[in-house]
Amino acid sequence: MKLKNRQTTPEDEFRDLGFGSKISSQRKRMVNKDGSFNVERRSLPFFESLSIYHSLLSMSWLKFNLVVLLAYIVVNLFFASLYMLIGVNHLGGISGVTTFEKFLDAFFFSGQTITTVGYGVIHPVGFWASLISLVESMAGLLGFALATGLLYGRFSRPNAKILYSKKAIIAPYKEITAFEFRIANARKNQLIEVEVQVTASIKESKDINSKRKFYVLNLERNLINFFPLTWTIVHPIDENSPLYGVSETELIDSEAEFIIMIKAFDDTFSQSVHSRTSYLYHEIVWGAKFQNIYVESELNVTAVDMSKFHGIDKVGFLA
Amino acid sequence: MKLKNRQTTPEDEFRDLGFGSKISSQRKRMVNKDGSFNVERRSLPFFESLSIYHSLLSMSWLKFNLVVLLAYIVVNLFFASLYMLIGVNHLGGISGVTTFEKFLDAFFFSGQTITTVGYGVIHPVGFWASLISLVESMAGLLGFALATGLLYGRFSRPNAKILYSKKAIIAPYKEITAFEFRIANARKNQLIEVEVQVTASIKESKDINSKRKFYVLNLERNLINFFPLTWTIVHPIDENSPLYGVSETELIDSEAEFIIMIKAFDDTFSQSVHSRTSYLYHEIVWGAKFQNIYVESELNVTAVDMSKFHGIDKVGFLA
Amino acid sequence: MKLKNRQTTPEDEFRDLGFGSKISSQRKRMVNKDGSFNVERRSLPFFESLSIYHSLLSMSWLKFNLVVLLAYIVVNLFFASLYMLIGVNHLGGISGVTTFEKFLDAFFFSGQTITTVGYGVIHPVGFWASLISLVESMAGLLGFALATGLLYGRFSRPNAKILYSKKAIIAPYKEITAFEFRIANARKNQLIEVEVQVTASIKESKDINSKRKFYVLNLERNLINFFPLTWTIVHPIDENSPLYGVSETELIDSEAEFIIMIKAFDDTFSQSVHSRTSYLYHEIVWGAKFQNIYVESELNVTAVDMSKFHGIDKVGFLA
Amino acid sequence: MKLKNRQTTPEDEFRDLGFGSKISSQRKRMVNKDGSFNVERRSLPFFESLSIYHSLLSMSWLKFNLVVLLAYIVVNLFFASLYMLIGVNHLGGISGVTTFEKFLDAFFFSGQTITTVGYGVIHPVGFWASLISLVESMAGLLGFALATGLLYGRFSRPNAKILYSKKAIIAPYKEITAFEFRIANARKNQLIEVEVQVTASIKESKDINSKRKFYVLNLERNLINFFPLTWTIVHPIDENSPLYGVSETELIDSEAEFIIMIKAFDDTFSQSVHSRTSYLYHEIVWGAKFQNIYVESELNVTAVDMSKFHGIDKVGFLA
């Protein structure tokens, strides 16, 4: 599962890249900043595409806890109603007098059964209450088995987070210029074998029906084995680059989008992780360089100051 | 674990591909539409090949729930019988009078023990009942531990689903023709690094004993890094293609089968996923093209209309 | 993680392959039939090398269940002794009269606490009994949490099983001969992308101190994408082969061992699986071929008769 | 995810390798002996970088158990306070007289509820106590569900441990010399497909501002398929080596650091595992060879004596 990083000449156009040829009709981006695709699939069968497990896995913790709590209440209300239905006199030890109080007692008995706490002060009497509580306690165990799996699934999902510099830059580089951006690991996880691929999507002309062409950009380096601090990814704009000789205005007119794909191995969790983002033409600063992030450290370590991570200094071009 | 996509010349025959040379004796397919292999292994030791875990993992949810419920009832019946055997007077707090009622009480006590709800109204009295309930409660915990693992295993299995166009087509393509089919992601999972391999299995002659030859087809593109919408896989029928100059009738006579293997990385679950299918000769439409699936979107996104996914329009060949 | 299958010339000796150069001093095999290595590491720190989790994961189910049961009994005996120590009068509701009966009651109370069944008939009275039962119930929950994880770990381990033909053969092959063996999938799991590597370990001379050389054998085919039935792996003995011109007696004198490494992807569990075995010189049959395993099937499928899997027919060599 | 092992010429300098060009200002190492990076990221948002799950996964067992115990006590104190707040008369069956005794009873009731042991001797009376105990028992189940997942996560993490020889050596090798070190598998897990990469980081001159250059060293062998015993990794110091003609003093002056990256597949757990370490200039012994570790075994196995693993014998150089 290596990223294919083959250099493409202008002739080597990706016919669709999964986006189709119509993507250029408006000034929209293909990949959102958070890495999701800016697409929409209509008429997809609802139940086919639905994945309850996936939803429960990816929702926020707040939402997840609310869902669990709600499910707990709803199920208890359901079973309490069942106990009321067969007659609350099938529950021994209840102390409620009014119907509402009796319902509350049934509700609490239901909770004590489904969590298997089973104090026994309120207890089933006779066949039907015993049967329902039997079913409920099993349902409770299975339900919490499910919650266990979900909690583990939520925790063990890869949570690598790559930090991208807010802006990409066109900076002086050796005798020429280069397209550059900077990444850092926002987590304490150890990321290794980090690979990056940059694809430029460029409109051929200003014509509204003109198609987009896709170029995999040649990088100074597309793999690092260690990723302890930060990494500046550099695409030298030489004669092989689709950006060669392109001015700032031309780049804006071409509605260029630079799609970034990063793949790494999370050494902490022994998992492959992926990250995506994109830089649209207006997120590129010309004639700039990234601020130095390395600081002199008292300790015997190499240190960086992450507060300067997004920092950019304007520079003139040599040429 | 990359798919090997090497182009094979007619001489480069796969000697068996695991199917053996006798597969051509009848007009049967090797790979079923759902990706399973159309084969049968006889005399395989039953217990060797059996995998209870796998069965419990891959059966439908309905079946799984029924199995769990049945196991729950059977185990409770077993323990209730044990309590009857040692004498139901070893259970305190039972209210049944007839033997059947007493058995029911033992059954419910068993349920309260195995789920560890333990109200305590019915409770063990003396050594044997205490011992059996001790064993039962541990068995219950282990059983539900098992169910927890199974539930998690069922949920966390990769559930990517690739949608294949119902028909493959032989379509005009540049100056020549091409064998094409279309795929889409039927789930909301993000699939990336999608690789495809197409193997053509072609009978050499009409002779019933003639062997099949296998060709890995050259694709216009066999990998895409993103798979947000759909992807049309194209095999150009040029002079290197085993389909070069083959007519529709000849293809039918050769009982051609196109075996599709797709491999992708599910970004949502950080798992490799695989999908297989095949197109038999009668599932190929000659002189057709896929309907345009891209729609103009009001929103700032690229949109497709999945209801047109299988749609095919007849076209004449240029030549 | 691809198997490297590079053809080695006789000069290209593996210096140690992790076995060292002294391995040839006796007629022993390097890889056992079950794929484990026939080696011994002495003076390895005991606790460093010990992996309780691994042991609990790989032991037989019988042994695992016994370990769980034993742990359950031992822990209950321990807590029962604690309750006796603080005075059994701190447990309410016990009915035992003699010390042994009281100990039994404490034992059963311990079991009811650790499984959290908690009938409540026997119950803690006062501070110390309450405290101990508080700790015990938590220990019980953690213990069963652990058992849950272990059970899941045991079930979800890859359990692919490759069946190897009992004998390898030296068979006529085209104009020459070939070293061949046969494999099959003994499970119902779908194995795909099966790769094989065969390494021959050959002693240079009869001299007891002579070193072994290792050759990676050139295979007719070292990868199949599907593995529905069986696969005969073929090493053609041509002029590049280290077996070229070697007679049966010479092979025995060289104490040849053929180490087989197989790697596959288990499509059912989405896991990489590995298998190893070896054929020693006396497990190779000269002038033989494998029996045909394919059978005519009434159904519309390709069928094999696994009872013939190990079958070998003697044949004369053409030359 | 293969390690890239391309030989680099002196011109082929890694621009930063993620460490930046300032790393040479002091005599510090980049990779610590335990494989962690000797770096520091400042001003990283605290909550962004924090991963509670990761911390709970990687802390020692002692610490983990203390955290669980502490959480258990704190939560019980919290709920006991709640029961006191609503009035301890809402708990039936308590026997305490003083406030402290009543608090203890509430504390024990809380424990019996959160573990779902629920003896029922102490039990909730009325709405508020019932409600709180309902919430507590659910919280308890979820908490222990979480603990289950954590325990499983802790156990199932890859725990391969590569043992590195304490010193690397510059040893006579064929006609030249070689940089060598030795590794062994410190666990009983079966490691296969072991790949190694050695990167040398060398300062260009004694100048305090001089930059470091990075060289991927050419190895005699960078992959072994089996790793049953030990493996001596050998970098021959030929004319392509950056160490060619370098004396011991020069190596010290260049503050050389050899960064080792090892990748393997743990056959026991079906997981990729990684290991890192580094040898600093003062950890290299010149003119030495590793002691023979292979021992004559009575049994029919190849045996090594791990107590000699770190052993080095001084030898004179031939030249």
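Should a chain be cited, it is by its letter among A, B, C and D, assigned in written order, with residues numbered from 1 in that chain.
Operating definition for what follows: a contact is a pair of C-beta atoms (placed from the backbone, for glycine too) under 8 Å apart; a residue touches a chain by one contact, two chains touch by 3 or more.
Source: prediction; values computed, not measured.
When the C-beta pairs in contact are tallied for B-D and for A-D, the bigger tally goes to A-D.
The two sequence copies chain C and chain D touch through a face in which the numbers common to both fall below half of the numbers used overall. As a whole-number value, the distance joining the C-alpha centres of chain A and chain D reads 26 Å.
A straight line joining the Cα centres of chain B and chain D is 37 Å long.
Annotation for chain C: residues touching 2 or more other chains are 1-2, 116-120, 148, 152, 272.
Arrangement of the chains shown, judged by which pairs touch: all-to-all, with no pair of chains left without contact.
Residue ranges on chain C touching chain B, taken from their complex, read 1-2, 68, 72, 76, 95, 104, 108, 111-112, 115-121, 144, 147-148, 151-152, 155-156, 159, 161, 184, 186-190, 192-193, 220-221, 223-232, 234, 265, 267-270, 272, 293-297, 299-308.
Within the complex formed with chain B, the chain D residues making contact are 116, 118-120, 148.
Against chain D, in their complex, chain C makes its touches with residues 1-4, 14-23, 25-26, 28, 30-31, 36-45, 48-51, 53-54, 58, 92, 113, 116-120, 123-125, 127, 130-131, 133-134, 137-138, 140-142, 145-146, 148-150, 152-153, 157-158, 197, 199, 259, 261, 271-274.
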